[in-house]
């Protein structure tokens, strides 16, 4: 006689449950990431953004999703149907599967392999296949050109990205994602402070990897209309879209895990900053208060009834969450995921912010930046990082000092490489 | 449409490839079609195919009376309708031998300069959008909206204004006109600083525009370029200064010029021009003379037989009207010299040897309006 | 049969079937997709053999690198003509026969070695921690071959650039 | 536990499929892909033996084989592109001249 609890404790079932939770949460995060992007961009651009569906457009992602699902499915004449169908699936699969290796909290991850980071890189590199196949299967010139550009860009910046990751691995001494976070806890410092150059390279390469402005050439609508997914519509398009935003979350998660201490709270070893653990309470409390304030200031009347109701429900929910978080065990359990998501959101905000600020590189400029600047600097950084570590191991130098010296030397090389550029 | 050869040969560089850009391409600013001969992504030569928006405006002019034709000119360069109207009205006035009274000339100057700012704002927004900067277009439209509101209050229309009449103005300025303009001017300079903060020092913007689409001063003159395209190449030529019209001889303003004649210089020139327009408007708004707003020219316009050419400095360059009168109520021949049309012909020279992405930037920097190119 | 064993046979079947499809598809893009599938199954078989590092390397280098390169070249080279031509060459029957002889040889040798294969394999923990062991072996016992391999890659890179360069 | 000879059988089958591909197909690209199949079959063998004897030397060999495969693909495809540019074909049996 097996009880329900025993079934739930089977390793396979447990993994399945975690996969389900991660997948659902991720889908929701991605959907609302699109909403956040539209709202933040709108704010930057003195507009309102979505306001109609739900209070402040909160239901807009759901409406968009429904619309995309119900749209007519168009396959262009002469397209390779099977490949056309396969391509978005590959891309989505690649970007979602990689999340199974990300530690969201101390004890919450789908799996923790001893070569975790390598697998994340491996799985996310599969996404390129979807892009190139999608562009080819459309049987049209603009998508093919977009796909070729996209592939060239992704492959080039993957090199710089991987080299940036290597220096974090050197510091941590492990490839396990959770192990890297724990190494940062042990060494009492986020690796971003030990390896600022690598962090910067990772950040830039991550933007290029996700085809975001200023590296959004594959989708440069003023040149290539919409890049590799020009011919895609409806559900298939939404898959590409989903994959793109999931990839954004993924690279942010990798960067956070490797360089910003993953699920650790800021300064995890400083005792007197312990009050920071109440941050989730504050965030939810603030959200609840805002909802109630909006609720009272919302226009009354029949047509606003549902919107007001929703605001009220949201406010109540947030307030209840804040109160629930005051219960110590819940508070402790929520710490990891809260800080992880908060840091990831910081990254995502930067992505959106850049999109509102920068013009776009030209293709040759992008490639030159990648091959003539990013990759050499990344390689030099790895070399100097190794030198710094050896200095501290063999000669007993202060570890932070030698690493900072290494970063300084890298910066000198970078300045030499960047000379004479406008 | 030509059959475009397969992309594969494009990339392997076996042959030259012809690629059609437009007429529905999002960044050809309307219905321009550019036939590009490419080597890989590099442009070997190009050919502009125009006329998709041809409406026969000049021919229509021969079948309308002078006053009836005035609204038509608004529809050539439809983002700078006020300037078109000014050019046409002054040309007919010259033909009639009449002159608008000072108050009318002052108001015309103010509105035309506001229109120049509005046109440049639209150019800046779309140009930046073509190069991938998404935000400036919204900022620009915010200020352009203020200008269009002033137009709407003044004459009831925002885009195709038909603001002026032959011989002067139809409407007296509305109550609070001066306050509105001053309020706009008060904020405007800081707003221009805001745009420049986003773009002028931006490394990506500089990389995308500096050294791209170079036009030498000699070439610019030889090809008949005018306006910011000419001044960006370093030629200090402005019809407002060379042959003053309206009330321009009364105001102080500088003529900004570029040095290298590249896209970045033309950008800087237009930004400076907005500041100078602001300066002119500020001077004019404080000194609007009182008096009549229209000259007495009678209801039926019958200019004496003869011909006249009158040109003004429209936002995009020299906008000229050549009118031949046979003494009847309708022009015998009416010809518009559109700045966009003439400026467009330097495109081929500017984009040779550049990449496709640069073509988009260069089309943007020429600031063409297809309504004016095709008429 | 345990879950662990079932995965191997499923993966082996997938790898073999898609390998056959690789060499029978007319369209090279389809071949490439099936090759990706084969390589992916092989990577998972590596994983099942406790070779995590090799599995990751297989995916990164083969699928993320070599296959993307293949697809890139397929798209650069205009294959419309090639797809319509006969896919097999004149020697196909002789070649098929020779391959069958080869398969027979393999079968013979595996059959002969069946006693040896019955020896109990080493404990799964012997090759763990995988990455660390590989790293030590690669940078201590095999440092010279490793450096030679890097030289090979350099030469290959220069050669490829020279070959593909226009004129 | 899957017996080691099952891995060898799989490798042998993949190897044969690869050989058939190399010998019978006309398209050079597919011939290259078949070569990758052959190399992969060898890798399976190496890794299976490495597991069998509990040593990572097989992994090291597999790494070198992957290196060679990468180099081969890069050079081979480079030659292919050069060839296609000059002769406009990718058929192996049309490459029968020592010069062009």
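Assorted remarks:
Which chain is which? They are A, B, C and D, in the order written, and residues in each are numbered from 1.
As a working rule, a contact is a pair of C-beta atoms (placed from the backbone, for glycine too) under 8 Å apart; a residue touches a chain by one contact, two chains touch by 3 or more.
What you are looking at is a predicted structure, and each value in this text was computed from that prediction instead of being measured.
Relative to chain C, the chain whose mean Cα position lies farthest away is B.
With centres computed from CA atoms alone, A is the chain lying nearest the middle of all the protein shown. In terms of their C-alpha centroids, the spacing between chain A and chain D amounts to 36 Å. Each chain gets a centre from the mean of its Cα atoms; for chain B and chain C, those two points are 63 Å apart.
Measuring from the averaged C-alpha position of chain A to that of chain C gives a distance of 32 Å. Annotation: 6 Å between the Cα-based centres of chain C and chain D. Chain A has residues 144, 148 in contact with two or more other chains. In chain D, the residues that reach two or more other chains under the touch definition are 81, 84-85.
Within chain C, residues 53, 57, 65, 74-77, 130, 166 each touch two or more of the remaining chains.
By the touch criterion given at the top, residues 12, 80, 82-83, 86, 113-115, 118-119, 121-123, 125-126, 128-129, 132-133, 136, 144, 147-148, 151, 155, 158, 175 of chain A touch chain C in their complex. Within the complex, the chain C residues that touch chain D are 4-5, 8-9, 12, 15-16, 19-20, 22-23, 25, 28, 31-32, 35, 38-39, 42, 45-46, 48-51, 53-54, 57-58, 61-62, 65-66, 69-70, 73-74, 76-77, 79, 81-82, 85-92, 95-96, 98-100, 102-103, 106-107, 110, 113-114, 117-119, 121-124, 126-127, 130, 133-134, 137-138, 142, 145, 149, 152-153, 155-157, 159-164, 166.
Of all the residues in chain C, the ones that touch chain A in their complex are 3, 27, 29-30, 33, 36, 52-53, 55-57, 59-60, 63-65, 67-68, 71-72, 74-75, 128-131.
Contact residues on chain A toward chain B in their complex (touch as defined above): 41, 44-47, 141, 144-145, 148, 213-214, 216, 220-223, 225, 355-365, 422. Chain contact summary for the complex, chain B toward chain A: residues 4, 6-7, 11, 25-27, 41, 128-135, 138-139, 142, 198-199, 202-208, 210, 355-358, 360.
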